[in-house]
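Chain IDs A, B, C and D follow the sequence of writing; residue 1 opens each chain.
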Amino acid sequence: MTPQNPSFADEIRRSFDGQAAMTLIGASLSRVDPGIIKITLPYRANLTQQHGYIHAGIVTSIVDTACGYAAYSLMPAGSEVLSVEFKVNLLRPAKGKSFLARAEVIKPGRTLTVVRGDVFGIDESGQKELVATMLATMMCLRKD
Amino acid sequence: MTPQNPSFADEIRRSFDGQAAMTLIGASLSRVDPGIIKITLPYRANLTQQHGYIHAGIVTSIVDTACGYAAYSLMPAGSEVLSVEFKVNLLRPAKGKSFLARAEVIKPGRTLTVVRGDVFGIDESGQKELVATMLATMMCLRKD
Amino acid sequence: MTPQNPSFADEIRRSFDGQAAMTLIGASLSRVDPGIIKITLPYRANLTQQHGYIHAGIVTSIVDTACGYAAYSLMPAGSEVLSVEFKVNLLRPAKGKSFLARAEVIKPGRTLTVVRGDVFGIDESGQKELVATMLATMMCLRKD
Amino acid sequence: MTPQNPSFADEIRRSFDGQAAMTLIGASLSRVDPGIIKITLPYRANLTQQHGYIHAGIVTSIVDTACGYAAYSLMPAGSEVLSVEFKVNLLRPAKGKSFLARAEVIKPGRTLTVVRGDVFGIDESGQKELVATMLATMMCLRKD
């Protein structure tokens, strides 16, 4: 997929750094490509729910962010991206030493872009297991 | 709706207190009734996304938690509740002095319970505005 | 909710009559109000799945149509409505002598409108039971 | 993925033939493999909505059926499959000479199975275009 905004990667990195919620939970951008974004989250005990797994809302936070930027990477310069809606299926308990959210645009569009995102739990030995999957609609807002 | 577990309210309060992620973001339980749960979240700058609104994942965190406990309140003693999946429509920017997630069971079931949740932003004057709505499936796990 | 298009009701009735799929399954419009639409579907054996209940896709057909027109009723003259996405929870087997889909706009918008829809099964004695619920996003396309 | 029920393919074909709704719309099973199902639907004018495209509910009918049998193909003998919920993103107008729904299990489970489904429109020249994508939860009911 071809980006319309030549400086999309810089803008995504700058925007990500401005997301206080990503800083709070300790997430970082690990891949920025046209239509594809990866975000990494190390396990932290303060992100868990009552059974000791990462909270579904925190899992959602990283994959929603990844989906948003995946859509944004294909939008024209001067746009803003907005999450319209997403659905998340929680496939397994979110356990692991770290977590990887990977988002990929399925259908870019002038106004709406549809993105699929997966979250993997990664154990000590580097083994990945799919823990959640998202199907999301993102919207392009033109500032002008 | 009639609870099967007479001590559901105590168990929900204890369970909520055990959710590190809820402590991290500053959320608190504000209503615990059979089939209905409310959670309150004061605005904090460290919960925001790049435009200064509360991150969609944080909004999801409180309404998913509310939906889970709303389902749990109607489950038999000795059960555990698990989020199977949820869909969230983000209706307006999540701005406000505080936020209220309200969840209500639409259809309780032996194995699966369907719950609707709304999140309101509340401004200085106490005015409420719907910012997101969730439709979720929760699962009952029997420990025995 | 206030309609922007004074002839919305006539246009919805005309548009509905042009939906061959609605004719095929025997559905009819039973209420057209600003932001609220009802569609009725009598039981027919040729609409069933393998267990003899109305097929989930047919249930979806009537509630998607109702949600689309509920959104359309609030759009300006000269618009077209498009289903962006929907999620359906199937709460009970779709059994009954007839079925009622009821859609109501939760959040109208210039481009996107969010609509909730419920489908009820109605038995011989007129008793209604909720069999499915939809949460949908509809888009306004301006012809000009 | 390994089927538990050696006669799953025969049972799926027999069950599909018992779906009156599939007969009504003219759909047929075109592939039955463990965890993967394809259903084909030729274009018919009586399946359309007001703009002449195949109705979103009909699109949903074929992909929900495909997702259900993809899940069923991995269930033990003597089970029944039930659609719990699905979300559909409608990516492009459903136009074509015929339509192909392809479903694949993402995560099989004892009680719940998560399935992804895609619907393609196929034109005169055999060119395929993705028109919709589904993310669905299916439930296994054991008869005994």
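Here is the rule we use: a contact is a pair of C-beta atoms (placed from the backbone, for glycine too) under 8 Å apart; a residue touches a chain by one contact, two chains touch by 3 or more.
Just so it is clear, the model here is predicted, and its values are computed rather than measured.
Chemist: Measuring between Cα centroids, which chain is at the maximum distance from chain B?
Modeler: Farthest from chain B by mean C-alpha position: D.
Chemist: Any chance you could check whether B-C or C-D wins on number of contacting C-beta pairs?
Modeler: When the contacts at B-C and C-D are counted, C-D has more.
Chemist: How many angstrom lie between the CA centroids of chain A and chain C, rounded to a whole number?
Modeler: From the centre of chain A to the centre of chain C is 33 Å.
Chemist: CA centre of chain B versus CA centre of chain C: separation in Å?
Modeler: Taking the mean C-alpha position of each chain, the two centres sit 28 Å apart.
Chemist: Using mean C-alpha positions as chain centres, tell me how far chain C is from chain D in Å, no decimals.
Modeler: The computed centroid separation for chain C versus chain D comes out at 22 Å.
Chemist: For chain B, give me the residues that contact two or more of the other chains.
Modeler: 84-85, 87, 89, 114, 137, in rising order.
Chemist: Give every residue of chain D touching chain C within the complex, in rising order.
Modeler: 15-16, 18-25, 45-51, 54-58, 60-62, 64-65, 80, 82-90
Chemist: Using the touch rule from the top, collect the residues of chain C that touch chain B in their complex.
Modeler: Chain C reaches chain B through residues 87, 89, 91-92, 106-107, 114, 116, 130, 133, 135, 137.
Chemist: Under the touch definition given earlier, write down the residues of chain A that touch chain C in their complex.
Modeler: Contacts found on chain A: 84-85, 87, 111-112, 114, 137, 139.
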